[in-house]
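In what comes next, chain A is part of two complexes: it sits with chain B in the first one and with chain C in the second one.
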Partner chain A sequence: MSSDFNIISETHDKILVLRTDGYINNVAGEKILDEFSKSFTEDMNKVIMDLEKSKVVNSIGISYLIDIIEKLNERNGKLVFTNLDPTIDKTFNIMGIFQFAQKAESVEAALK
Partner chain B sequence: MIDTDLKLEIKLPKVPDIELVAIQGLEKMGGYFGISEDKIGEARVLVTEAIINGLEHSGGEEPYVNVEFTMTKDKLIILVTDYGKGFDPNSVPAPEIENKLGSKNKRGWGLKLMKSMSDDLVIESKPTGTKISIIKNLS
Partner chain C sequence: MEQNLLVEKLSLQAESFQEGFEALIKCNSLEEIAKNFGHLLRGNFILSSIHILHKLSIDAEWKYLSSQKDNDGIDQSLLSHNKQLSIKYLTDKKFSVIVVLPLSDSSYLGIFAGNKLDGSNWTDFDKITLQILLQVFSSAYNSFLNQKKEKQLIFELNEKILQLNNLIDADIELSRYDKQNVLFDLAIERVVSLTNASSAMIKIVSLSDASTEKQITFPSNSDLDFILNNQYKIEFGFEFNNKQYLFVLSEKETRKGVTAFSDLDKLLLQAIGRQVQASIENEYLLGQSLEKERMEKELNLAAAIQQRIIPKQLPQIDGYEIAGINIPSKEVGGDYYDCIDLGGGKFALIIADVAGKGISAALLVNTLNAALYSYLEFNLPLTDLADKLNKLIFKSSPSDKYITFFIAVLNSKTGELDAVNAGHNPIFLIRKNGDLEQIEAGGIGLGMLDFGIPYEGKKLNFENGEKLFLYTDGIPEAMNICEEEYSDEKMIEFLKTNSGKTPHDFIDLIVKDVRKHVGAAQQSDDITSLFIKRIK
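What follows is the complex of A and B.
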């Protein structure tokens, strides 16, 4: 497993889609937060975070995702995770993430 | 496939992403025994969080953790030892997402994840270091 991490962002109407690739640790978490801060504009209300290519996350990386949830809550926006690995799904469940974020099977489903 | 257990012992220095080395060993061992991806995924979380915790508490004089896996087709035992100042695991508050939102400190989830995903977790900590022992059933 490589520790290289990449993130791609795209917009669909008023929705920001962030696609991650690689291990989500502290450095990756900071990159995700930076990309969100840079790309989530005033007219947007939803972020889709696609984790199809991220099979491992650690708790420090997830703390940055909680930061994004907090920022979205302040703007009445919402976060949808897609393509979650079963272990990441379980991890988010244990942490209570789904009380404040949603999940969908795919980006296409989340865009509907 | 052998009927006895497999062991892996490694000493990991405090460098970024070194936990991935241990995870790679875990995955190889799991593949050898044909362990399900779900179980290996949960073991991956346990190993990652235990090593991160150990390296964080490892201190400047001995910035290493020792990691030991003992695996059979039914069970994984994980031992992670650091040589830092130790900590009182009972003084670590259980994190709640409601409290983390709005708080400056959004970290502190490692122990909760290890408790939730393991079948047994013992933390022995003293001023010369901490040993985390985890049992994960694999069948």
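What follows is the complex of A and C.
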């Protein structure tokens, strides 16, 4: 199974920013979860997930994002999605993601 | 008495059992439940340590969930291998209790409880309390499992709603005309998302030579062979306009790995595929409609050009009666007639027919008309005029366009007729005795070739009572629904029978006769005629 998915993580104060690039499917979902587990430290309270370069996500990918949301909830952390493609925005809405996570126009807006 | 005391003590504990249960059911994972249960046990029994393990089935490996001290010294072999609840109370050991608790999903909880900090043994009350707490754990774990199932069910329901919504949205998007350039990219993204396909491909093949016109994959770097040869693939295809469109999805993803696509996935692929098909067909039909509109506009313009150069009124020729008509067909054919006053009692009688239809034919006639008016000013011999017109039309028209042309210059005072027929139908001069004299002398149609072959002219005398009939092939070649032509013979017969009429009446009658023959069939070519009668 080929994948052209990439993820970059960076830290701003106590905020972890994850930037995805490519189709968020099973393989990508695992990579996101791995990166989150590796990069999210105890002193962090917020994760920003920038999906500007990801235009397609399937339900398996969404299940991994839900896993991250649940892990964050355990630690009273927040997840904010940014730069959502309108189709993905609608998808997250229907899947109830925004009951447990937030969205913002951009990473800069989410960092404020 | 002792029993009553026990019951009384347990009753007092009821609230704390309830609180313990409520704390456990708020946990989001088995690890969290185990950790909190460990706290509960330690708090109730003031234990030195507590270690909680879990295995997925009777034969699986034990895994640590929670340890409040080091795991050193834990001998997992002490955990019972039975399927029933096992509680072992130990003395003189590192641990005071070892428990194996079977759970509702056939997994097992293992507990190593350290000694009580006060060094005391486990009382009956402690043992009953432990049993109750194990029951509390069981119930909390069932609740956790049910919550998981409920979440999974909600996820699956939402997924179905999402699929339906995405399908509707995809259908709307794919049907939009402004998305044509991204139609296939959009379709492939949508169908992959809808079906959880690992990868997908759309291939367009020309049916005439089997060459691949276009190939798109998602993700973009997907291996084509992997997709096409995958054991878990589904396909959908259709043909349109001499092309074959093939959609292939490969490998359905799940959290546990890849699997075959379901019947629902096949339906979803078909739905998207059919929408793409509809979009392509609609685009084609729109193109056809726009082309038709463009052609209609072009024809209207051509008709307007043609009508502009057809004379609205013919000049009066002293001693002669003249009438003319041009009835354009639905598709403008490029017929032209005219009677030009050259001065000094001389008139040029012209009839022409451009091969071909549409705006190009109309423009060519326009060119002819303009050139004619220019050249006639120079009073050239008709043969030279024809030669010049031939060269001009040859240069200005495409190779498939030419003009059949007849011109006769009438000296109205003497009746002298000087004529050249450049590839046109034979023109008829009806003599006083009723004989029909055909005027064919001339040469090839204007614009056909430019080999310098000279045109021939013919001189005739147009006597009093004689008539000259000019026409285009729209009359003899007019067809009825049985595809029978009006014919030269019928036209000649009509000419012989009706040439005594006034030019105006003759024209009127021949048009009626042609229309009667054509009947319900559509007029396929312009009907053009010029009729002149010498009356003095």
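Keep in mind that, in the parts below, the second predicted complex is superposed on the first by the 109 of 112 C-alpha atoms of A that agree within 3 Å, B and C clash if a C-alpha of one lies under 4 Å from a C-alpha of the other, contacts with A are read in each partner's own complex, and residues count from 1 in each chain.
In this section, contacts are C-beta pairs under 8 Å (C-beta built on N, C-alpha and C of every residue); 3 or more make two chains touch, one makes a residue touch a chain.
Treat the numbers as computed from the prediction; the structure is a model and nothing was measured.
Per the definitions stated earlier, placing chain B and chain C onto a shared chain A by superposition produces a clash between them. Looking at the shared chain after the overlay, A:N58 reaches both chain B and chain C.
When the two complexes are overlaid on their common chain A, residue A:D85 makes contact with chain B while staying clear of chain C. Looking at the shared chain after the overlay, A:M44 reaches neither chain B nor chain C. With both structures placed on the common chain, the touch criterion links A:Q99 to chain B but leaves chain C unconnected.
Contacts of A:L111 after superposition on the shared chain: neither chain B nor chain C is touched. In the superposed model, A:N73 makes contact with both chain B and chain C. In the superposed pair of complexes, A:G22 makes contact with chain C only, with no contact to chain B.
Of 62-70, 170-178 or 350-358, the segment of chain C running into chain B after the two structures are fitted on chain A is 170-178.
In the superposition on chain A, chain A positions 1, 3, 23, 25, 55-56, 58-60, 63, 66, 70, 73, 87, 90-91, 94-96 are in contact with chain B in one complex as well as with chain C in the other. Residue ranges of chain A in contact with chain B, taken from their complex: 1, 3, 23, 25, 27, 55-56, 58-60, 62-64, 66-67, 69-70, 73, 85-87, 90-91, 94-97, 99-100. On the chain A side of its complex with chain C, the touching residues are 1-5, 22-23, 25-26, 55-60, 63, 66, 70, 73-74, 87, 90-91, 94-96.
The residues of chain C lying in touch with chain A in their complex are 28-29, 32, 154-155, 158-159, 161-162, 165-166, 169, 189, 192-193, 196-199, 218-223, 226, 251, 253-255, 258. Only residues 16-17, 19-20, 23-24, 27, 37-38, 41-42, 44-45, 48-49, 52, 95-98, 100-102, 106-110, 112-113, 116-117 of chain B touch chain A when the two sit together in their complex.
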